[in-house]
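Here subunit A shows up in two complexes: once beside subunit B, once beside subunit C.
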Partner chain A sequence: MRPENYQAVPLGDSNEYEIFIGPNHPGIEGNYALKLILDGDTVVKGTTDAGYLHRGFEKLMEGRLWIQNLAIVPRICVPDPAPMEVSYSLAVEEIMGIDAPIRAQWIRVLQLELSRIAAHLFTFGGHAATTGMYTPMYWGVADRDLVLDLFEDFTGGRVYSIYNIPGGVRRELPEGFLEKLSHLLDYLESRQNDYDNLLFTNQIFVQRAKGVGVLSKEDALEYGVTGPNLRACGLAFDVRRDDPYLIYDQLEFDIPTQQKGDAWSRILVRRDELFQSIHILRQVIAKLPSIKGPIRTAIPNPLSWNVPAGEAYARVESSKGELAYYVVSDGGDKPYRVHVRGPSSMHAVQTLEFLAKGARIEDVAQIMFSLDACPPEVDR
Partner chain B sequence: MMKKELKIKSNKTNQQKQKRTNPLANVFDDFIDFCQSKSLFMLHYCTGCGAIELPPAMTSRFDMERLGIQPMVTPRQADILLVTGYVSVKTLKRVILTYEQMQAPKYVIGICSCTVNGGMYWQSYATAKKLNEYMPVDVYIAGCMPRPEAVLEGLNRLKNNIKNDRKEQKGSAWKDYYKNYDYYLGNQQNLFGKEWQTPVDVIAEAKLYGLEGEGTYGENTKKLKMVQHPLLPQEMKL
Partner chain C sequence: MSLESLNEILNKINTIKITHKHKRRIRVDVKADSLTTLLELIKGQASFLHLSAITCVDWIEDNQFELVYHVWSYEENCLISAHTRIDRDDAKFVTVYDLYKPADFFERDIYEMYGVFFIGSPRMEKFILTEWFGMPPMRKDFDSEAYVQETFNWTEYNPDWLQELSDQGGGIAIKPEDIRLSGTLHNKATHREREKAKKEHVVGKGWKS
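So, the complex of A and B:
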């Protein structure tokens, strides 16, 4: 029903016009909005409009105990929550001057890589859907659900596990878990051909994705792009290898790269990364049973737990890019200041605005999904 | 012109309602409710993290479509509005705009504890805590975050409410928005400022549906009248 008090806005002489995409729009990833100025179907200027998901995380964390913060950190990035927990725990451990036991570190790697697989499967579907292909979305979400089942098995939560605490992990792996994991990896590998035929080499998709949203290496560095988006421009930078944390220096894995820097290269990098994660997980499965020992270093009573004064910066490689926590403690039972360096704010704000300029309107959604930004992490 | 037509229509519907003594009419009403509950289009506004459990619920594994529920992209053709998680103040304005654009009968489902009472973000300065202060909610699905099974259960409950609406009056929360518009508008104005108004003329709609009640007008709607007519789109401050 057209409201009674509706009045049309008169248009000026210029050919340009303005449209809004989002925040509630199928072509937008999450709760995020773009304002585009168009000439015909070419974008003259794109402005992002963030802030729909702002909760004031960094302020909230100053008001909660060290242990309570563990419950809210995964909420910063919903599709890929595990790196958040690990990164926060690593930062607190660094301030306290303790290390997680070796076995806990291996289990953390297992969790991180599983989470990466889940996040990438989710992205494939989202990216494909923006080009009008809905089957990969159904497949990706269904396969991701198998990973979530495993998460439920060993952490108790499907999406938010809250499995890490400073000093280690909360629970031992359940019996028979590694076999289940091994079955899942076999299954995912057996799907490789299907996914290739359906998506990665499918001409319907390739024609749409090739040459769209091209980011050069120089621009990528200038805009602070990290993760798969940077590796798609030909720069093999990965925190797991270049600044190893946990036990990544004992693992063997490649850093997949592509040269072109367009949407297709980005999804190919993610595809290769998924299989690298499977490769890493196989090494974990082989090694984990031989590593005995505790899974947690004792921490004081968490309700009256004062972390000594100090500051730490801990970074990990999430599925979106480089993620870091900067934590400052003044010796109290709550953090003095927490800063989150998320990869998505660089991807979804400056980079997206830069790439949207000159793109066609039907490609804007694809560019956004190919950057794999995570709106809750932009706003925090 | 418009207004006169509306009045005539609303009079007619009122008369029809009073005249319904024919038992067949009741059967017909039941049949309409039944059909309505079997074919629902859902608009999911991904306001928060609960949205991540919707793709599994919608796709192959849990398959919402077998319940007769399908996603819809525009509010004008949707029956259900899913609010999936915490609503920041900036989002809440859009949620209200979306809700008012939907055609009646319309239903709201609040997914996640955050829509019930603020959940995890009870002390956050940026979120609105209780969704049902700003719009009537039919079903809440609590949990942080609720599993896809819980989402389906909630939708099933809504379907039952719609089916038994005439007997139990459970599926008509949307009427509450018209009957108590003053209350909802007051809460919205408290949060967004006194100049808050939406392009939808809710009072005229209430007249059209014959749902004016004592709570439709009041202190807060008076403020609305001072600034309304005509409402230029630019004046809407979001």
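So, the complex of A and C:
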């Protein structure tokens, strides 16, 4: 049974003792735990204990129709579900040899970037809360709620939209949606000063976050770190630019980087990325009305839909890093194999164990949150 | 690095089959004993530094496991998927942990879910399924539906308050024999069976009134 112990356990005659933080610890991100061996308040060794959220999704997907799986995939990452749908759809489209219509691709980008904004707002609050600042958490969640309202408006679902299908998207945008989106972006930009004063230039936070959990560029590459965590180490890699999918090659955006690789750099990269997403969404708002056409290609009856035999590896950039779906079809009406490569599977296990070593116990929660790991991506 | 020089490096392996799927995806099929040599070559000579994932596919009809190594190059912006097959009965393979550290996670995952033992991998132990001692569950011959039917009993849930609701024409009284696992079982039911079930038992009848 887990957790294995609830009290600190002294180890032999040494000064070391073992404690278990999580999965219900207030300073932990969710459904995973960390077993720490401490000497005083310095961590000697940390071991990730995952599996609290294992639902066997990869196995479930092998027993369901291609279209039924769309109800499963977004549930793999709660804060940022849109990239999951898009990635799965892209993989199936690649096997079938079809492309979504141009308009659907633009709508997908809109959905992906909105989802990224929502996920980053969530992370700001969580990260700040690990240092004892709770106001950014309330702000972040409240502002994220405005994004979720828009999701409800155009997909019907606040968190799990289940909006994409292989071949396009399910619904056309509602009347007047782009104006609403434009208002929301104006509002988010107007909040920039408030967030900067409260969090990003707040000395109380800066002093706590600087120099914590330092990851060098070499270590980041070695441990397979991707996404904002990698960009905080100074390597400007982004799947959207370097392995472009959808219509990202027609959009202009910068890839924010920082050099230090600590918790402070990581949250700054996310802050800058949020404004890049707003920049992308403004381009979408300007371009989308001029793109006419269908929003999905004709697909066969979903209940008797056989995808030809083949395999595809579809990568997208989620708010956490490189997300990929490896889908294998044997020509049947169900996938033969679906493998989810969640970015957090790298961040939450090996990278976290590496960074926890030598850290002080009060920084452990902050290191976990600064990596922005999403435990269900590990468990699946 | 040009495509030609990359092809030259790949062709150093005998019996390699190279397929260019599109601009940034290359599929290679190699024999199991030359896979680590291939990864060493592309990492050392062609800067494929990032192990994106290792996937295991259970081809039960061929009695083989397929291992797929997805390796990305930050300099070439290209992904090589190296496919190899190993015997299903003697499911052992050599680790690539000394080349790529992320292999630790993926190999542990595959060991747990498929039972493929990676020789030399640092942590061949339980990770997610710490309380599971049966067959590795992702193997195709593990039938999760049969396992559920054998292990758990369907119980009739019909408390008084729900019964009262049903008597008034509402509620969601579902009999155990109506419960079907979605997916496989449901798909097997013929159209006629489904229609019959609908007529016999209307779920949520009079819900709004």
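Note that in this section the second predicted complex is superposed on the first by the 368 of 380 C-alpha atoms of A that agree within 3 Å, B and C clash if a C-alpha of one lies under 4 Å from a C-alpha of the other, contacts with A are read in each partner's own complex, and residues count from 1 in each chain.
As a convention for this text, a contact is a pair of C-beta atoms (placed from the backbone, for glycine too) under 8 Å apart; a residue touches a chain by one contact, two chains touch by 3 or more.
Fair warning: this is a prediction, and the values are worked out from it, not measured in the lab.
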* So, on subunit A, is it clash or fit between subunit B and subunit C? -> fit
* For A:63, is the partner it touches subunit B (first), subunit C (second), both, or none of the two (neither)? -> both
* Structure fact -> Reported in degrees to the nearest 10, the CA-centre angle with subunit A in the middle and subunit B, subunit C at the ends is 80
* Using the touch definition from the top, say if A:223 reaches subunit B (first), subunit C (second), both or neither. => second
* To do: Tell me which partner A:337 touches in the superposition: subunit B (first), subunit C (second), both or neither.
  => second
* Could you tell me if A:301 is touching subunit B, subunit C, both of them or neither one (first, second, both, neither)? => neither
* To do: Could you tell me if A:14 is touching subunit B, subunit C, both of them or neither one (first, second, both, neither)?
  => neither
* Asked: Taking the superposition as given, does A:376 touch the first partner, subunit B, the second, subunit C, both, or neither?
  -> first
* Which holds for A:346: it touches subunit B only (first), subunit C only (second), both, or neither? -> second
* Touched partner set for A:193, first subunit B, second subunit C, both or neither -> neither
* Does the superposition put A:242 against subunit B (first), subunit C (second), both, or neither? -> second
* Asked: In whole Å, how close do subunit B and subunit C get at the C-alpha level once superposed?
  -> 6
* Structure fact -> The intersection of the subunit A residues contacting subunit B with those contacting subunit C is 1, 51, 54, 56, 59-60, 63
* subunit B residues touching subunit A - in the complex, by the definition given at the top -> 2-3, 43, 45-49, 51-53, 55-56, 59-61, 73, 75, 86, 88, 90-91, 94, 98, 103, 120-121, 123-127, 144-145, 147, 199-201, 204-205, 228-234
* **subunit A residues touching subunit C - in the complex, by the definition given at the top** => 1-2, 50-51, 54, 56, 58-60, 63-65, 68, 221-224, 226, 235, 237, 242-243, 303, 313, 315, 322, 324, 326, 328, 336-337, 339, 341, 345-346, 349-350, 378-379
* Sort out for me which residues of subunit C touch subunit A in the complex. => 24-25, 49-53, 55, 57-58, 68, 70, 72, 74, 77, 79, 81, 100-102, 104-105, 113, 127-131, 137-138, 144-145, 182-184, 187
* Residues of subunit A defined as touching subunit B within the complex -> 1, 3-7, 9, 23-26, 30-31, 51-56, 59-60, 63, 71-72, 75, 78-79, 122, 125, 137-138, 141-142, 144-145, 148, 158-160, 376
